[in-house]
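The letters A, B, C, D, E and F name the chains in turn, as written, and every chain counts its residues from 1.
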Amino acid sequence: MSTLEELRARLCTSVLSDCLDAAGHRNQAMQARIRPLDDALVLCGRARTGLYAEVYDAPAGENPYELEIRLIDDLKPGEVPVFSCGSSGRIAPWGELLSTSARARGAAGVVMDGLTRDVRAIREMKFPVFAGGIGPLDSKGRGKVVAIDVPVEVAGARVVPGDLVFGDVDGVVVVPRAIEEQVIAAALAKLSGENATREALARGDKLAEVFKRHGIL
Amino acid sequence: MSTLEELRARLCTSVLSDCLDAAGHRNQAMQARIRPLDDALVLCGRARTGLYAEVYDAPAGENPYELEIRLIDDLKPGEVPVFSCGSSGRIAPWGELLSTSARARGAAGVVMDGLTRDVRAIREMKFPVFAGGIGPLDSKGRGKVVAIDVPVEVAGARVVPGDLVFGDVDGVVVVPRAIEEQVIAAALAKLSGENATREALARGDKLAEVFKRHGIL
Amino acid sequence: MSTLEELRARLCTSVLSDCLDAAGHRNQAMQARIRPLDDALVLCGRARTGLYAEVYDAPAGENPYELEIRLIDDLKPGEVPVFSCGSSGRIAPWGELLSTSARARGAAGVVMDGLTRDVRAIREMKFPVFAGGIGPLDSKGRGKVVAIDVPVEVAGARVVPGDLVFGDVDGVVVVPRAIEEQVIAAALAKLSGENATREALARGDKLAEVFKRHGIL
Amino acid sequence: MSTLEELRARLCTSVLSDCLDAAGHRNQAMQARIRPLDDALVLCGRARTGLYAEVYDAPAGENPYELEIRLIDDLKPGEVPVFSCGSSGRIAPWGELLSTSARARGAAGVVMDGLTRDVRAIREMKFPVFAGGIGPLDSKGRGKVVAIDVPVEVAGARVVPGDLVFGDVDGVVVVPRAIEEQVIAAALAKLSGENATREALARGDKLAEVFKRHGIL
Amino acid sequence: MSTLEELRARLCTSVLSDCLDAAGHRNQAMQARIRPLDDALVLCGRARTGLYAEVYDAPAGENPYELEIRLIDDLKPGEVPVFSCGSSGRIAPWGELLSTSARARGAAGVVMDGLTRDVRAIREMKFPVFAGGIGPLDSKGRGKVVAIDVPVEVAGARVVPGDLVFGDVDGVVVVPRAIEEQVIAAALAKLSGENATREALARGDKLAEVFKRHGIL
Amino acid sequence: MSTLEELRARLCTSVLSDCLDAAGHRNQAMQARIRPLDDALVLCGRARTGLYAEVYDAPAGENPYELEIRLIDDLKPGEVPVFSCGSSGRIAPWGELLSTSARARGAAGVVMDGLTRDVRAIREMKFPVFAGGIGPLDSKGRGKVVAIDVPVEVAGARVVPGDLVFGDVDGVVVVPRAIEEQVIAAALAKLSGENATREALARGDKLAEVFKRHGIL
């Protein structure tokens, strides 16, 4: 089987999404509000999950980042922290310093449905960050990780620790472990088929005929 | 009268919008959620409409793209497929292959309030696509064209087949056929007037005086 | 104390936001829907406020821009018009001509939770505009300034005339006059501390240890 | 022509809405979020409009209710104050004391897309109030009437002073002055036709046949 | 097995929902925006589905109600028309005449995520209607049934023709055919267990102990 | 000072809200989406808070209700559990059994921005429940209490343990401990003043004069 790096170079979210659909897994794409900070970067790695709760207080003496820090410090090469933050827009888990630390551990990128900041520095690092928005707020007193390495939902897609997470300019898809091999094989096959379709369409063949011939759209 | 290509080079949505307002047509601009994939491209063409319904099933043996394919295969040079997809975020009608086919028929671009994918390839093609978002999902089993060449609403603006559709970095406006000539003439006139206003303001004249003199803001 | 220009060069919204939080002012960042037209520009200036009301009529003989024009014509160098437009998406207060006029008076930029247009021209001017979206619609008959130089709320943050307004790629924060000196001092101090943290993380130190040592995340 | 009181007894919003549709006026029903405080009451009267702006300050020495008071004190029998409050949920223009005053002037009821309070007392008065919600907040420092007797939009429907406003358990419709006579005549005619349809359906006739016979659904 | 009428008398949505959860079917409750017109009525029947599309035109000569009429005329005793209308708030499929016709065929009630009207008459009929809101608008030119007897989603819950649909004051749940017997048996069993729990709590036993003892909350 | 029971009999949310406004506390009313299950009931008590997090999993062997049970079992007479559930509509913390247990401990009612169920039984108990909606779903595997007796926000209002919580048909207001005595005194005074205003308005005095005389609206 291919390495994560090979998959990152060859696959794309749209074809993965079609193959997940074909396998009967139809809720594997995150909602369109999740966007890359840098459209040119591709993310491919294994999910490590963190679940945020909204909080309204930061008690003195408590480390508000405790579980988040534990997750980052435990990252292995090729892993991707994936944070479930809800849709309040109040939780902003990510920034330059966490990007620096995650990259130092070999993380392949990060995904969250919350906000991120320090966008200029992160773009310069070429570190793949996919987020639900951009904002300067810190999470302290607004959100807190209450569980790590548990199943979560992020922007409508279920993410289980160990799932393959793939992101590019078209968005983010999650490939469950159990069907990973089958979906990747189907995706690589479909990518070849698309070339013939594209060429036929580019020279002006009718879509109806090309679709009949190749079954790809 | 000017060709579509000439209009594309000379007009812009903000001035067209002002002239539509002045003509009493005040709902001709699509909502701000409709954005170009490429801010540098300008779209000018005649609407061919498609109406999507949300579906929750893709029956075996049924071609889920039937009417969409019929619309694309029937495109004439200068036409613009315009898809009404509602606001569910589940309907994603467009991608690289359809762009390739539409361009091969001479389409001037495409507009939809649904999602589009294969963004990298479409940007490389320099094909003007204006959409309600970006996402990897195919429409199969999520949305289906149920009528073509009928009046629709797209992101708040009514589009009748044959209407002039104009898009640039500021958004998309729809010019109804019946007032097209009058609106274009007014827009070209206003564009000249704006130059004098801009120069006066740039050299520091008070806005109150300049607005009194030229009546343009 | 530093000039606005010095602050613009040295500060950033994320650190200012942390220092506002630390000072107990936790609602000073505008919501994530407020974005710069140009991610590379930084805005730093003093707020001049305008309050818009939605209107549904533009009576003949009435100047719909009266108070907006008065505000722009009265701008002093380093000031920033800040428009409170609500969340209807119908109010579009800004464009190229107002940018030209505001810049001619020395304005440092502009902030609004409404829409802006003429985006191409404004980007060429390198004038810092932060807005709630992009759209071609004029405000005439849709929105009208009903008060200037009054306290307002813009995308969730309270803005009082004279407040320091700071914007960059991460968003916009508002620094109330009464705590300005204290917050700026804390921000400049924090920026130094971040360098040590960043270096430690980049060479692979555990986040838990670095956070314990520097107290910065 | 019938008096307002006769119309109130004989008409209903659903039939008026159908007749407005048939006359080509298809945006005359307010959105479903506008509900009566008392499902049993029917409102029929002529619109007197008030336009609210969101405010964030109540300057000392200013009467925050000035224009609202002027509108109420000027009400004539059969009139209906109609307030356009936007969709922020912050503006709450109505309560028991205003109901008492409006009723004393002979007002037929009140309509607003903002909030109302003192619901228990208003229900006891049997005064027809249609509102966008219920909440205890006063409007002072949150919203202010900035114009009266101007065209407005309320929950999606345009209301011009003098329009016929009709509300019942199904919602609120606005009948423009110019087509009032025609729409009322059509509504009274349709109400007769519905009886025959209802009887046929109640005894089990197929809908397809009844609709063919009477053309009413 | 029990008849629909017996189930209607003995079951309730909250216990059915718990048993569906326990069976691993966790998306069977419609969203909270679906409310009964009459809190006192209980609905229990088998789903017959209709899928609406938003339309923006009612072509002359076309029967806009064709498929809806076909569905109603084909209803068998104990069936429940279930309409998927999306969340636009523009589609209003139901009213007094359709209620009259459906009841004449023996329908057990109706469920839709669109709007309904003629609420006063429907309440007098004691016909169980669960809807996404109340409004006077007809569907003609706004929505059209484009498929009947297909799988749909209604307010977040999947409904397949033949599924058991149960509604009461707490909302609406959908019991898939394949697990119907098992879920009903579990629900009837749970209802007995709740009595002991309720009595223990009413006499002041600690919740912790009672939950430990009975495992029911 | 008055007992909770006396305050419940004499006060109302609208007057408390005005007095909180006057004291400079302008965010003490919960949003209009919080409604009583029974419009006739009034709630007055001291807040005991619970903070929910959304979860997507219910691990075997874990008691998903642990902290919620601890809070209920610890209730003292006159206390009011107040649950912060966010706005997802997925968290449904309350039903008949918890109502039974809370009432047995002497609780004065309950407030939450999540959903509640078993509405028929709760209404029969005459137990005051104020909630963000009605739905049959249990919280298990959807939401979990992660902290009790901490400051929270519920539907836009901050609630600190011990705060006075008051609810009636107009909604819910929160009176912070520190200003409780002052606000209650002001509210009782204002209630007397309103009588004179009401009588003057009922006999037809102009609103402008009455407001000038009494300063109450």
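The working rule: a contact is a pair of C-beta atoms (placed from the backbone, for glycine too) under 8 Å apart; a residue touches a chain by one contact, two chains touch by 3 or more.
This one's a predicted model, so the numbers in the text were calculated from it and none came from an experiment.
Each step here moves to a touching chain, and the least such steps from chain A to chain D number 2.
Two copies of one chain, chain A and chain C, form a contact in which under half of the residue numbers belong to both partners.
Legend: contact pairs of D-E compared by residue number with C-D, A-F or A-C; the interface matching in over half of them is A-C. Taking each chain's centre as the average of its CA atoms, chain C and chain F sit 36 Å apart. The distance from the centre of chain A to the centre of chain B, with each centre set as the mean of the Cα atoms, comes to 30 Å. Residue positions of chain F in touch with at least two other chains are not found.
Contact between chains, using the touch rule, shows up for A-B, A-C, A-F, B-C, B-E, C-D, D-E, D-F, E-F. Of all the residues in chain A, the ones that touch chain F in their complex are 51-57, 59, 84, 86-88, 146-147, 150-153, 158.
If you check the complex, the residues on chain D that touch chain E are 12-14, 16-18, 21, 26, 29, 31-33, 35, 39, 168-171, 173, 194, 197-198, 201-204, 206-208, 210-211, 216-217.
Within the complex, the chain E residues that touch chain D are 63, 65, 69-70, 72-73, 89, 95-98, 100-101, 104-105, 115, 117-120, 133-138, 140-141.
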